[in-house]
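Alright, structures below, take your time with them.
In the two complexes below, subunit A is the common chain; its partner is subunit B in one and subunit C in the other.
And then the complex of A and B:
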């Protein structure tokens, strides 16, 4: 509307020039971003079209053979399937743990609420590698879990060894990512009018019904955006699957890493990375589109 | 037997007393308002009746049953919240139906009841809208329909009109009163707006600092305020500190500036330090010398149906309202006389227990 009026008024249209100040002000940030994120990404994309020969190394050519291989080979199928099934399991577990956790936190009185919120979010301050190594101490071959199971006599100590298993990777990823779900649901809960729950109760609903019928639908956008974050981060997670899954349980990120550093097949590694990136973008975008359509009318 | 009976209801938060020894009886079908400034304990009282706040002491009886320890979802009380608290993810009809669903009313019956409730608040054409798509007044009416559809024995209104603009508020007052009389539900409203309380209720409970100050019909509360607090909170008033010169029986001689006033003193007033209260609309402007006092107009506000004057007089500054009878009133700077009818002046205890 403003553009329309400005182009209609003759004095404005003649003197209309681009104001350089906003561009100049945002230039350092934009250049920094392009140099550090855009450039490597473009170089990776170019690299993925090159080919690789075991005797000569990287051959700069242009071809889609790496993509053919990633999309055709059942070895890669298995890796991508594993990546996404782990991610989905992590998302589901994060919802099951994170949503009630955020709700309970929001209902706590103040000294406790702040305390537990810090406890919940504190893991974000510790390196993922350190946290994952902590899990290794717990679920490793000679870890606490095995010793505990043996001590109470329900299983042998080897049953507590979850290294190189799906369970182990999922467990550690959930631990790493659940705070992000809590933050996201927490933000949605802050927008909730506390009187709405009282209204539900006054109309005869039990606490459970109020939670299911009144609270959950209103914080659903928070749950869904939390799921998105958790999904994207677990699908592209590297440190946790690398340490707990190791070579035996490769996911897309660790497979790309191995192509780069073990096989030295950089073009193939680049192709895996690009496929992972594109798949993640597609999932995230379509999910977002679906959410927007669903909530535009009710929750704005 | 009263329908709702509050028996020395008390709520303490640490050392703070939010509500102290509140005892109140409300008859079946009555519309009662809790009126007071913010922080006077009126909302806490409402929340205790609703069951969201646990009383520190005292009991609540409804229809002969002690509901003090009853859970809020078992009391069956209809509540209209200040924020309306509609379910934003449900349509108008779904919002209204929620309470019936919780009561497991079959869908065929509930459809009829939802329709009737929406008809009552004249919103039947908006049943498929979401709350976000409604105006403030419409949301308010959905909230009322949702509270009434469950046919509650008691309806609680928490500042129901405070989020509406002035004109809408007036319309809603009339509508709310009509609906309440039509349905006949016993209603307790919390408000800080004295005009709302006066216009809607059968009885007004004036509260201050957690205590009930006066329980009366709107007219009596306005005309015979018990103390300084009620007289200045319910309506506007002119207050003057005075000394009783001479008292014979219930008749006293009071000096108001140069003017000697004879006034009847209520029995419960003790001591000779008193307050005199004169409502602005009971004062009349006239020619200088024609009234009991003389003064000079300092400011004049035209409010459409009346003027509000601020007049300097020998006894101090007076607020005076004059009805607009189609003639220009006194101008700023004009010398005027101030006249009032015998009995327009009320006497209030100086240190009134409040």
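And then the complex of A and C:
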């Protein structure tokens, strides 16, 4: 976000008097956003301070009970802890899988490179519901994974049933999000000068050392921004944890959904949503700060 | 030229298998002749594709998603073009805040947006209408349109505009005949990205869609939450095939890596 704004050129027409043209041009979009994004968010914030009574419904009062409950109650603790531990696991696995894959892709020759780049990116365009369904069929009770494990004699076929487990949710989320990590690292690799790698090799470093000491430091920004996207999206993921985790493994997004559409406790659902939003914004903002400081340091 | 080692190629093959296995499995199950989830080991059958037509809910949801995607992408483009021109070409107080506002939906979890729209729409009494759904989708696709349109306005050579003006064209003629054609690739790329985002959106839509405005992802999710059968596999297969066709078309017209890497 900041990258784009900072790269914009200062304007050509620099008049001291206020020019109404940019205001008029951006007014339709700005009004639309303030009315249809600002109002709903403010309303949700207000709703989260209301209380809820099972016989009356929503009581418009002002209190912090919902936040107390979300932040204190062990039930919600467990949900948020689960949400973020799943997200961290997904990020780590996406780094372990996505970074080498992006590197391998960048060293391929065409046409293989374009072909596999499309193969990697294509799943992004296919609905998350479809991709998650694939995992249900693979790791479900009678799935292929169980049959495979049984056939090669590692374990009984029931070991392949990962439905309603952390492993299953993490596996499917990695599948959904790893292309984003590959793209991010791929973009960073495009700026890499292969001559530096050759220099490392000719000076006697092994491939492993060159990758660790030459390539990794240069693509670190790509890895970090990929991690940020993957983390934010897995912390707020709904479809995959809802289908594979089910009721047994609630995460923040599915908990908010249940409060809204099953329990009908809207104020509580709103409080969960606000906590999720604030956590997300804090993570993204602190990341941006960190990157800005890094940039300033490297630029002197 | 650096080469990939055997180990690297093995890793790559496993990665491709990991990425494609779930999709291949869905497509295999869709062809089963049996009445339950199974691989077509005893012959291929198209019965589950025929069955889709016996469930008008899926057909209706498909058309809803299509109309919704087209409407949301088009409205977002109409709002994004003038806003991008203002943001890129003028410096004015509040410009950064405006960029932040238009890109903010990227930072807000879709579930939170869903919760917010549900309360808002029911409060003002338009919950369940198709227009409410379109408005919600315009908000979530706007960042994608905005980024691509801003990039194309930023990268545009303005000498052609100056030439048009000096030759006596009016501002409007210049906009229509010079500016629009020159930023069209960016606008089209943004539109496509917006359309696909809208078409696949589930986490927000599930809060806002009513039974009469159900979209395809919501319909599929509700079906899976209830039961997993070969029907949902055949619907998914149709969707995969349509997506691949769309992608081939996109690649021919535009270069798919350009559109998708713009998304990251």
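Quick note on the criterion: the second predicted complex is superposed on the first by the 273 of 300 C-alpha atoms of A that agree within 3 Å, B and C clash if a C-alpha of one lies under 4 Å from a C-alpha of the other, contacts with A are read in each partner's own complex, and residues count from 1 in each chain.
Following the convention adopted for this analysis, contacts are C-beta pairs under 8 Å (C-beta built on N, C-alpha and C of every residue); 3 or more make two chains touch, one makes a residue touch a chain.
Quick caveat, the model's predicted, so the values are computed rather than measured.
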With the two complexes superposed on chain A, say which partner A:205 touches: subunit B (first), subunit C (second), both, or neither.
-> first
Which holds for A:218: it touches subunit B only (first), subunit C only (second), both, or neither?
-> first
For A:193, select first, second, both or neither according to whether it touches subunit B, subunit C, the two together, or no partner.
-> first
Per residue count on subunit A, the busier partner among subunit B and subunit C is C
Please write out, lowest number first, the residues of subunit A touched by both subunit B and subunit C across the two complexes.
-> 198, 207
How about subunit A: which of its residues touch subunit C in the complex?
-> 1, 4-5, 7-14, 18-19, 21-23, 25-26, 28-30, 32-34, 36-37, 39-41, 43-44, 47, 97, 100-101, 104-105, 107-109, 114, 116-138, 140, 142, 144, 175, 178-180, 183-184, 186-187, 194, 197-198, 207, 226, 229, 232, 235-239, 242-243, 252-253, 256-257, 260-261, 266, 269-270, 273-274, 276-277, 280-281, 284
Can you name the residues of subunit C that touch subunit A in the complex?
-> 1-5, 8-9, 11-12, 15-16, 18-23, 25-26, 29, 37, 39, 78-80, 82-83, 85-92, 95-96, 98-113, 115-120, 123, 135-136, 138-139, 142, 147, 150-151, 154, 196, 199-200, 202-203, 206-207, 216-217, 220-221, 224-225, 228, 232-233, 236, 239-240, 243-244, 246-247, 251, 256-257, 260-261, 263-264
Of all residues in subunit B, which touch subunit A in the complex?
-> 50-52, 71-79, 81-83, 85-89, 98-99, 102-103, 130, 132-133, 146-147, 150
Report the residues of subunit A in contact with subunit B in the complex, numbered from low to high.
-> 193, 195-196, 198-207, 209, 213-214, 217-218, 297-300
